[in-house]
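Per-chain residue numbering starts at 1, and chain names A, B, C and D are given in the order in which the chains are listed.
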Amino acid sequence: MSDRPGRVPALQQVPPDVVCLPDYAAHARERLDDNAWAYLAGAAADEITLRANRAAWDNLALVPRVLRRLTGGHTRVELLGRTLAHPLLLAPVAYQRLAHPDGELASAHAAAAQGAGFILSAQASTSMEDVARAVLPEAERGPLWFQLYMQHDRGFTRELVQRAEAAGYEAIVLTVDAPSHGVRDRERRAQLKLPEGVSAVNLARLPPAPRTQIDRTQSWVFDALMPDAPTWDEIDTLRSHTNLPLLLKGVMHPEDAREARRQQVAGLIVSNHGGRTLDTAAPTAWVLPRIADAVGDAMPLLVDGGIQRGTDVLKALALGARAVLIGRPYMHALATCGAIGVAHVLRVLRDELEVAMALCGCRTVADAGPQLFFEAP
Amino acid sequence: MSDRPGRVPALQQVPPDVVCLPDYAAHARERLDDNAWAYLAGAAADEITLRANRAAWDNLALVPRVLRRLTGGHTRVELLGRTLAHPLLLAPVAYQRLAHPDGELASAHAAAAQGAGFILSAQASTSMEDVARAVLPEAERGPLWFQLYMQHDRGFTRELVQRAEAAGYEAIVLTVDAPSHGVRDRERRAQLKLPEGVSAVNLARLPPAPRTQIDRTQSWVFDALMPDAPTWDEIDTLRSHTNLPLLLKGVMHPEDAREARRQQVAGLIVSNHGGRTLDTAAPTAWVLPRIADAVGDAMPLLVDGGIQRGTDVLKALALGARAVLIGRPYMHALATCGAIGVAHVLRVLRDELEVAMALCGCRTVADAGPQLFFEAP
Amino acid sequence: MSDRPGRVPALQQVPPDVVCLPDYAAHARERLDDNAWAYLAGAAADEITLRANRAAWDNLALVPRVLRRLTGGHTRVELLGRTLAHPLLLAPVAYQRLAHPDGELASAHAAAAQGAGFILSAQASTSMEDVARAVLPEAERGPLWFQLYMQHDRGFTRELVQRAEAAGYEAIVLTVDAPSHGVRDRERRAQLKLPEGVSAVNLARLPPAPRTQIDRTQSWVFDALMPDAPTWDEIDTLRSHTNLPLLLKGVMHPEDAREARRQQVAGLIVSNHGGRTLDTAAPTAWVLPRIADAVGDAMPLLVDGGIQRGTDVLKALALGARAVLIGRPYMHALATCGAIGVAHVLRVLRDELEVAMALCGCRTVADAGPQLFFEAP
Amino acid sequence: MSDRPGRVPALQQVPPDVVCLPDYAAHARERLDDNAWAYLAGAAADEITLRANRAAWDNLALVPRVLRRLTGGHTRVELLGRTLAHPLLLAPVAYQRLAHPDGELASAHAAAAQGAGFILSAQASTSMEDVARAVLPEAERGPLWFQLYMQHDRGFTRELVQRAEAAGYEAIVLTVDAPSHGVRDRERRAQLKLPEGVSAVNLARLPPAPRTQIDRTQSWVFDALMPDAPTWDEIDTLRSHTNLPLLLKGVMHPEDAREARRQQVAGLIVSNHGGRTLDTAAPTAWVLPRIADAVGDAMPLLVDGGIQRGTDVLKALALGARAVLIGRPYMHALATCGAIGVAHVLRVLRDELEVAMALCGCRTVADAGPQLFFEAP
């Protein structure tokens, strides 16, 4: 990171005053320039959804249980045919070398060490093959998935999927909530530029998009961007390119969840992209139970958006999620002290989940349900 | 503006840190004296409605849609017999030369260039004929409307309407929510005075109001002001003076909307005057759907009050508006960098609207409806 | 006020930056020592009711009306057999010479000049006879009432009532919500002491309370204070001492209002003592419509608590009040510039009320009702 | 306290600006080092429940009553066969010598002097026998109870219970909501260490816990901690060791309350441990009426969590509590000025309760019920 003078260098260990995920933010801020901070911490427009995501978890009131026999309890979950030690995954985040020179390798190592899932972003700043090689073999780590944006060049998109499968990724996560880049004003104010040496290396060979000609009466969004956006009728084709299970990330409407069930996708990630695409989108904690109602047990549901406490994880499970993704908190830890920070975040979150389960009388995640919540009269 | 020393002069271009409408406020503040700022930014009394207008849009939570085919979508709307490229209009704002020496001409040019509607205030500081001449011909611009207060001299009021028609204005907007000046305490504290050279030039020949004599037992409002205020039984007469369609601005009660329908006015603008007349008036985002329920499709509804984001526009359309007006944001842009700022505001808002539509799965504005909102259980 | 060095002296005119009631608070603060400020501005305990009173008025959203014929409208109300120009009264406030050397005389003069009611506190720092003499004759002023606490000495209480009647007061207001002094922590922290020359002169001849002996197992409140507190069965007796109408101030519960109706008292003042007795008492804007429901038109209802805007007054009338009392705002004006400030406060509030009525389409106070409010769905 | 240099020493009297419980916090903060402050003032995680506990009491709006005959009223309650002068108890708080050198002796003396209950923490820094001896005889003081955590060594736990009985304690309070230490991040950030000379003296002879071996696939919470946690089937056994009544502290779920009733425990303390165990646990003011509904009058209910005003106590009684516990406020008073502060806190709270009762028309606690609250429509 010597190429970014003036910054406080990353640490080699967890700072002594960091005891929970939110504690990392201030440390990360010190270590990131305005550019990287705007990218990692910002969200769309007025960042209302960013704050609402957090508040929605906080506002769910739990009712503790007492004196239950919980010996031998555990946090294990079944997901896509594997039994995981706990329901935590690292969300796909682009350009992790913005945060720390070790970038995605650090995050993937930490996830592997903690038995957490890792979802590599299509816009990773590290080669997908390098990441996969670094964390094998599968039996000793959590799931390794590859996140995909449908690229304007569908042939290249197919290659990406097949490279991912060949490299050992176990699932494809198609992000469907960002057909256009969100209106991320904080980034735009900071005039985000990737520093030298940080780029989307896995997309390096993507042919440049043909320059769409639009006239004054046409719309950049509808006439230039949307023709490249993925649609429901491409899901089958995408699946035909690979034996890997396909999950959709960014499903928020029950009708879309039902369509996904009809198309028999392998799972859904209820997400508003951490508030980074559509500001004032409903918080995921409100949406999750509606999606669970809509599709029942047909496929596993995952969720992200503001999760940073063990109680948040327990609430997500109680509302119908099989597992959760965290994003900003691990990026803040990565910026602060690299892989050791990311591993610490996962360890703390898992410990907090266990404590929350114990205090709510849950021996296993199957015990988490709507009865955990205080219902206002 | 050399006549107001000590102010930061207006810029010739959009400041680099301005990426959305709210960003203009700080720049405008720097460039306006306390007097002009109090007039442009202030509202009635404790400014509760000013804040509530904004909060009401923010608090409507959207539910994104995914994977819909949106190619060829657009923002076009039909309004008073014309097809507009998008549903954005500049609200009537008085004395725009307070904000920038180019005043209404700058705003009208910017609107024309962006295909937006422009509603000239009766209290404009530029001649209505000059504005109309500057932006013709009609085919290459958005709608050009004239806003009217019923003047104490009804003959002069008739002349105004007929001048507007002759000059090429396409509709008359009668403001009905301000029979008396609002209680605008911020203005009164700043002791607002129009600077030399800024005046309501189109009202220059208005005969002075006869000095109403009221005794101690009488009321200034009820005995001096109200006799000059317009009433329902004058709407027909007003319409008889012109071939232009007549819209009413400031309708907030369903019963008033129904009366307007009975009187077959051409359209309604749901408005609380941006919070500038009656403080604690309900926010327009709450009122709009009630008005839409009351009058159905009998006439187009427009709305203003706190709109500053593409998501706000989309929400207004989903709640029943055909088009929206913006006020303060374009005045802040005008103060910051003149016509180029106003044009930028319109371009940004339209882009944000397109992004919001795409993320909510709306190909056209007809796709916007109540199903976009997350309904609390 | 030369006896309180270091204070900014009271002004001879309304400060130029004061345009509404809330503007007076900062000016008053400058002119009062901590002692007097704690007494006048403070309330019970954590001052939750003080803030809730204000917030409850603010949170009632109005729906404006348009184009109604309002000529000849007015703010007149009937109250205890008189027709008043408007529904504003000055609430009883003790020790007004704490705020300004002219004390109650200034307030009473201002009320008389503005046709407002004046309710002299039993703890006034000016003789009740002096006040009455100063503002006569009745025809040229608003109502003049005398507020009463039931004193431990019932004979003295009877004398007070009879002195008030003899002096020309038109009604007795028995305060029933303060059988014990409230827990006014701000005052207690400031260790409130009345300055030299400020005292409850009308109670000067009240015999000292016999020293109640209570043992360790007894309660100061229940065994020493409560035996002196007034009870329902004393209302009749109190009334028998005078021909004046008797109102009760501090009624908040519908059951108490019904009992008052059974006892045929002349009127009720819905009040939580401005938050000065029981903290977390419900705001009066919530309670008023319940009281109105409970007792219908059997007697006039008045209300106080946080009223400082014309819209607040209109809302109170719409919720069932015949008239309203203001307290702190006029004391702040008194401290700032004496009688002229108090008169200004009344004039501004009446003007604001007229504007609010006009904007809500009310020609008279009889037009104010529940239909003025936006009802959340 | 000379062993903690740099701190402001404790006072010998109540500071003159302290008139209510919340006033003590600032004084305590001055007198405690960061370490002790984090322990005494902090709570779990983001301290949401800590704040929610307070807010829930504040948000219950009371409706005052007037003119009722209240002479001879009192605050007496029946509890476990005794008649208490008032319903106030000091909650069990560990390590009180962190706050003041006199520690638990000061608190117990103050409680005795004020007729309040005292619940000695199992983790007291003073010997349980010393405390009991200091406050005897029973007739002249409030209840003296012993709080118990189920220790990993059940034999030692039995000894503790029997020592408490022998020493004169009148009841055993088993804390059931903290089978594991809460996630108290403020403490962990301050890296809490007990100073020299402060320790859990009553647990000095507790044999060290056998070091549980857990492998990587096991859970510290479920496999190491939970096997030592108490369960419902141990309640009977625990009771068999003593003739003292057994109360459970930390019951929040109606189902758990019903189980407690089936097991015929002597009473329940509705508590979320002051927000110190499970953050985002529902506030006790929300939970209490549900518990009261669930178990009716089968056993006395007590409650704690944020109580610091007489109105809070009255609300708790109205929602079904027989008595209340206070925690932080008395610890702040202890830190400020020792026993005299704790006694002052109890006296003030009792006075405030009497005033609140009088203003709400309650002659005895039996008059407190749901009719005290303003019910939103």
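Note that in this section a residue touches a chain if its C-beta (ideal position, glycine included) is under 8 Å from a C-beta of that chain, and two chains touch if they have at least 3 such contacts.
For each chain, UniProt lists the protein as follows: A, B, C, D = Alpha-hydroxy-acid oxidizing protein.
Being a predicted model, the structure only gives us computed values, none of them experimental.
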item: Interface residue overlap between copies chain A and chain B, same or different (over half shared); value: different
item: Chain B onto chain C, rotation angle from CA fit, given as a multiple of 5 degrees; value: 90
item: Chain centre separation in whole Å, for chain D relative to chain A (CA means); value: 42
item: Euclidean distance of C-alpha centroids - chain B vs chain D, Å; value: 59
item: Per-residue multi-chain contacts in chain B, two or more chains; value: none
item: Of all residues in chain C, those that touch chain B in their complex; value: 16-17, 19-20, 22-23, 57-58, 60-75, 85, 309-311, 351-352, 354-360, 363, 374, 376
item: For the chain A and chain B complex, residues of the former touching the latter; value: 45-46, 48, 52, 176-177, 179-180, 182-183, 185, 188-189, 191, 217, 219-223, 225-227, 229-233, 235, 248, 250-253, 255-256, 259, 272, 277-283, 286-287
